[in-house]
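Below are two complexes that have chain A in common, paired first with chain B and then with chain C.
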Partner chain A sequence: MTEVLLEVKELKKYFPVAQGMFYRRKGVIRAVDGVSFQVHRGETLGLVGESGCGKSTLSRVILQLFPRDAGEIRYRGRDVEELDRSQRSKLRMVFQNPYGSLNPKEKVFSAIAEPYRIAGGYSRQQIEEEVLHLLGLVGLSPAHARRYPHELSGGQRQRIAIARVLALEPEFIICDEPVSALDVSIQAQILNLLKDIQEEFGLTYLFISHDLAVVKYICDRIAVMYLGKIMEIAPARALYAKPKHPYTRALLSAVPGAADQLSFERIVLEGDTPNAIDPPSGCRFRTRCPYAEEVCAHEEPDLTSCGTEHFSACHLLHKLAG
Partner chain B sequence: MNLLQQFSGNKKFVFSVMVLLPLIVIALFGPLIIRHDPLEMNTKRVLEPPSTDFLLGTDEYGRCILCRMIIGIRPTLFVAFGGAAVAMMAGSTLGLTAGYIGGKLGNVIMRAIDIVLCFPPILLAMLVVGLWGTGIINLLLVIGILYTPHFCRIAYSTTLKLRKAEFVENQRILGASTLRIVGKTLFPNILSPLIIQFSITVANGILLESGLSFLGLGVPPPHPSWGQMIGKAKNHIVTHKHYMFFPSLCLCLTILATNLMGDALRDVLDPKLKESH
Partner chain C sequence: MSGKHLLEVKDIRVVFPGKKGEFAAVDGVTFHLDQGEILCIVGESGSGKTMTGLSVLGLLPEQARVAAGTVRYQGRELLGLSEQEMYGIRGKEISMIFQDPMVSLDQVFTVGSQLVEAIRVHTKMDKRSAVELSLEMLDKVRIPNPERVFGSYPFELSGGMCQRVMIAIALCCHPKVLIADEPTTALDATVQAQILELLVELRDATHIGIILITHDLDIVKGMADRIIVMYAGKMMEMGTRQDVFSNPLHPYTQGLLKCVPTLDMPEGFRLYNIEGIVPDIQDMPEGCRFCTRCPRAEEECCIVQPELREIAPGHFVSCLKVDEVSEVKAGWAQ
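For the complex of A and B:
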């Protein structure tokens, strides 16, 4: 196994919920509730889950947009809070919505030049060379540098966001649903672009998505998240071929047209995700799990090994094998 | 369509420019074109009706009304534009701070702003003038303080909407300073509604200055201003209607034009606002 680039240990992020007159504190949303994983240099780790399961919160806590409540985030063995600015600029993010991630009052050139300007120490000419070089890398022409974001299509904007993220030689990039806001015809182009630049620059990705087809295409390993916890984490191939956790199976069952090819009993989920303010006792998935037993309500399952690099948090692994 | 075409196609904009542009030119070059001394009294020719010598007649001290109106534009516009500029600078700075940094500081700022908003403008203006005395700079500051809350609220609400935008988050990931984010990333994005508010504030400033001068709290005599002339003219309204008519007409036209300018700016810069009306 290659070097561990990013390590997250028992990470927790709670948001206080205040309601009513004078904002009385009512409780906390457990957006991220004890998440641990490692990302190895050069790999793509997928993070899958329904909306509201804490994927985006997790990514923003890693990048210190929100302070964490507990746990560790280590980048190359050092806590992210101790990184200086040049080291911190190695951790970056591509956002979901290319309409929101570019400043509407700023030309493309400025958007891509901004990282260099913030970092400082670059001459005007150096910045210009870098910007044009990056535009070329993502398949855009120098003429695009003079445009405003609203003059460009969604795919072009996402290319610009990618050019911007490549500034200052990043190492670890969080892709927060980078293609879910795009047309299907554009999605493949952007995914291939992400793959190409990963190869060229030796980048490491944490790839967040709710689209299982996209994740299967681009990821080496996949983590499945539910209500702020990781339910299963495994190499992509193993996860699709032999999912162990009932929730993963339910997600795979929901892929359109996949029902006939499943290696396991199809699970159709009913109801909504429980409230993250007051998650179910024991296993969080038990309220919607067709196999739930007595033990699931009392004990919270830990991630346990069930194959090569395959971990699943379920009490009933032995029963569900197959 | 570019901005210039949009503005030139807007009737409100064209009208307001046709009123305001000559006004500003006259304000700048007024002293060069007047034929009589606006301050010197001539007791032999008081309250004359319009004639070839005095185009708009004379006031109760025999001074040329037209000349006094021309000279009176300058303090009015200076106070209104200056006050609006002060209000815009103070208001947007406070609003951006409260909106982006938020927390306790934001609460303190916004509650202070609410308190200023509680006072009827003319009363607060009278209070301030009463405390500091009359004078052009004081008037300008009064208008600045009075209209700071409007700018502050606009800056605050638009900043609140934008502070969680992804392009702001990206700046934070890159380690941009708060000053850079507020000044370079957020400010250009909240500028349009502030510009619109600016022109509305200029109209209100003209009105407020005239109101205070009418009450005798504005531009100190013998220097003229429109509001002050209207105030003096009210004593002669029955016998000499022309004295009050011309300053009032000009004041109305100017305020109308400035307000229409605000409307036109809103139409062009913020089309979404127009739809909701």
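For the complex of A and C:
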């Protein structure tokens, strides 16, 4: 296995819930509640889960957009808080909404040039060369540099966002639902672009999505999150061929039209995700799990090995085998 | 097409005022719906699928108008009807549910009062039996504890629950047609599966005809009896699920099927790129609307508008090159 680029250990992020006249603390939302994983150089780790499972919070905590409450985040063995500016610029992010992530008053050229200006030490001509080079990389023409974001389509804007992220030679890019806001024909273009630039620059991705098919297409390994915890983490092929956790099976069962391709009993979940302020005791998934037993209510399962690089947090692993 | 279909839409054209005069957001859409059938209209944003649905019920935005075409429900023309007459159709004969249930429900009234209102608008039922029917409907859409939900406000319920309530309201007067416009797009995957399952169950139980409007090919694959593929306001292809998924004939359908990642995709498969972007709706090419992105487009395609032609029984395609195209096998095999 190649070098570990990013290591996250027992990471926690709680948001206080304040209500009432004096904003009394009513409790905390455990958005990320003890998450550990590693990302190796050159791979794409997928992070899937339904809304509210904490996948976006996790990505923002890694990039220090939110302070963490506990745990470790190490990039190349160093805590992310200790990284200096040039090292920090190796970690980047592409957001879901290309309409919201570009400044509407700023022309494309200056949006892409900004990282260079902030880094300093580039002449005007160098910046111009770099910007045009990046535009070419993401499949846009130099003419686009003079446009405003509102003059571009959603797919073109996402290309601009990607071009900006590619400035200053990044190593690790977090893609937070980068194609969810796009139409399917544009989605394919952006996914292929992300694959191509990964190959060209040897990038490492943490790819967040709720779409299992998209994740399967682009990821090498996949982590499944539910209510702030990782339920299962495995190489993509193993996760789709032999999912171990009932929640993963339920997610795969939920893909419309996939019913006849499943290698396991189809699970259609009842009810909704419980409130993250007051998650169920023991295993968080037990309230919706069709197999839940006594033990699931009392003890929280840990991620345990169940195959090559395959981990699942479920008490009933041995029973659900197959 | 004979007059025996439940719903018949013919050559409908929806126009909006634009910078250079009127432009058509929907152009020449023709289809029919039978009892107990699920017809999926699939397309990307701006393809006119929502406007097609709205035009059936006369719910188009104010600036839009239907410039041509007919909409016949059980042989009765709906397009010329007065607003008053349409009231008797909407909800009673043809119902609609929308993408975001949180927006469609009124936040300041309880679920129960909204259900009772919908029932009493269309029937002469007294209040007590309307309440009873409401509870029965909530139970039918698999809401646990209907009594509690009956007295709840929409903001107290989750998105999935609200969509169930919407379906209950839509179906409470036993309409024969349900138009569902992206009913699960705002919902999570596992909740989406529940709602889709529910729609199929209701169809089997009541034999309602459903027009399901969606952008999600996975949903179409799992639900549809027949499929309409739309692009830039025009129908590209229409056929049974088998026709469209196993033997797609239009280059756009073929591209669409190859550019969406699916779970059964072979490893190492590279998604197909449909190059370019959808042309501006106000500035459409003169010929086929897909010609700017079509890999098979020739000069002729940019000048002549292709007609929707029946290639095989029930399988319609609008492409000039369809005979050449049909020889090329689509899907993963290519």
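Everything below uses one rule, namely that the second predicted complex is superposed on the first by the 322 of 322 C-alpha atoms of A that agree within 3 Å, B and C clash if a C-alpha of one lies under 4 Å from a C-alpha of the other, contacts with A are read in each partner's own complex, and residues count from 1 in each chain.
The rule is simple: a residue touches a chain if its C-beta (ideal position, glycine included) is under 8 Å from a C-beta of that chain, and two chains touch if they have at least 3 such contacts.
All values derive from a computational prediction rather than experimental measurement.
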{"item": "Overlay on chain A: chain C relative to chain B, clash or fit", "value": "fit"}
{"item": "Angle at the Cα centre of chain A, taken between the Cα centres of chain B and chain C once the superposition is applied, in steps of 10 degrees", "value": "80"}
{"item": "Partner chain(s) touched by A:Val4 [first = chain B, second = chain C, both, neither]", "value": "neither"}
{"item": "Touched partner set for A:Leu102, first chain B, second chain C, both or neither", "value": "first"}
{"item": "Which superposed partner A:Pro115 touches (first chain B, second chain C, both, neither)", "value": "first"}
{"item": "Which superposed partner A:Leu269 touches (first chain B, second chain C, both, neither)", "value": "second"}
{"item": "Residues of chain A touched, compared between chain B and chain C (which is higher)", "value": "C"}
{"item": "Partner chain(s) touched by A:Leu137 [first = chain B, second = chain C, both, neither]", "value": "neither"}
{"item": "Partner chain(s) touched by A:Asp183 [first = chain B, second = chain C, both, neither]", "value": "second"}
{"item": "Minimum Cα separation, chain C to chain B, after superposition on A (Å)", "value": "10"}
{"item": "Overlap of chain C and chain B interfaces on chain A (superposed complexes)", "value": "none"}
{"item": "For the chain B and chain A complex, residues of the former touching the latter", "value": "165-167, 169-176, 180, 185, 188-189"}
{"item": "Touching residues (chain side chain A, partner chain C) in the complex", "value": "50-51, 153, 155-156, 183-189, 191-192, 195, 210-214, 216-217, 237, 240, 250-259, 261, 268-273"}
{"item": "Residue numbers on chain C that touch chain A, as the complex places them", "value": "44-45, 144, 158, 160-161, 188-194, 196-197, 215-223, 255-256, 259-265, 267, 270-275, 277-278"}
{"item": "List of chain A residues in touch with chain B within their complex", "value": "60, 63, 65, 85, 88-89, 91-93, 95-97, 100-106, 114-115, 118-119, 164"}
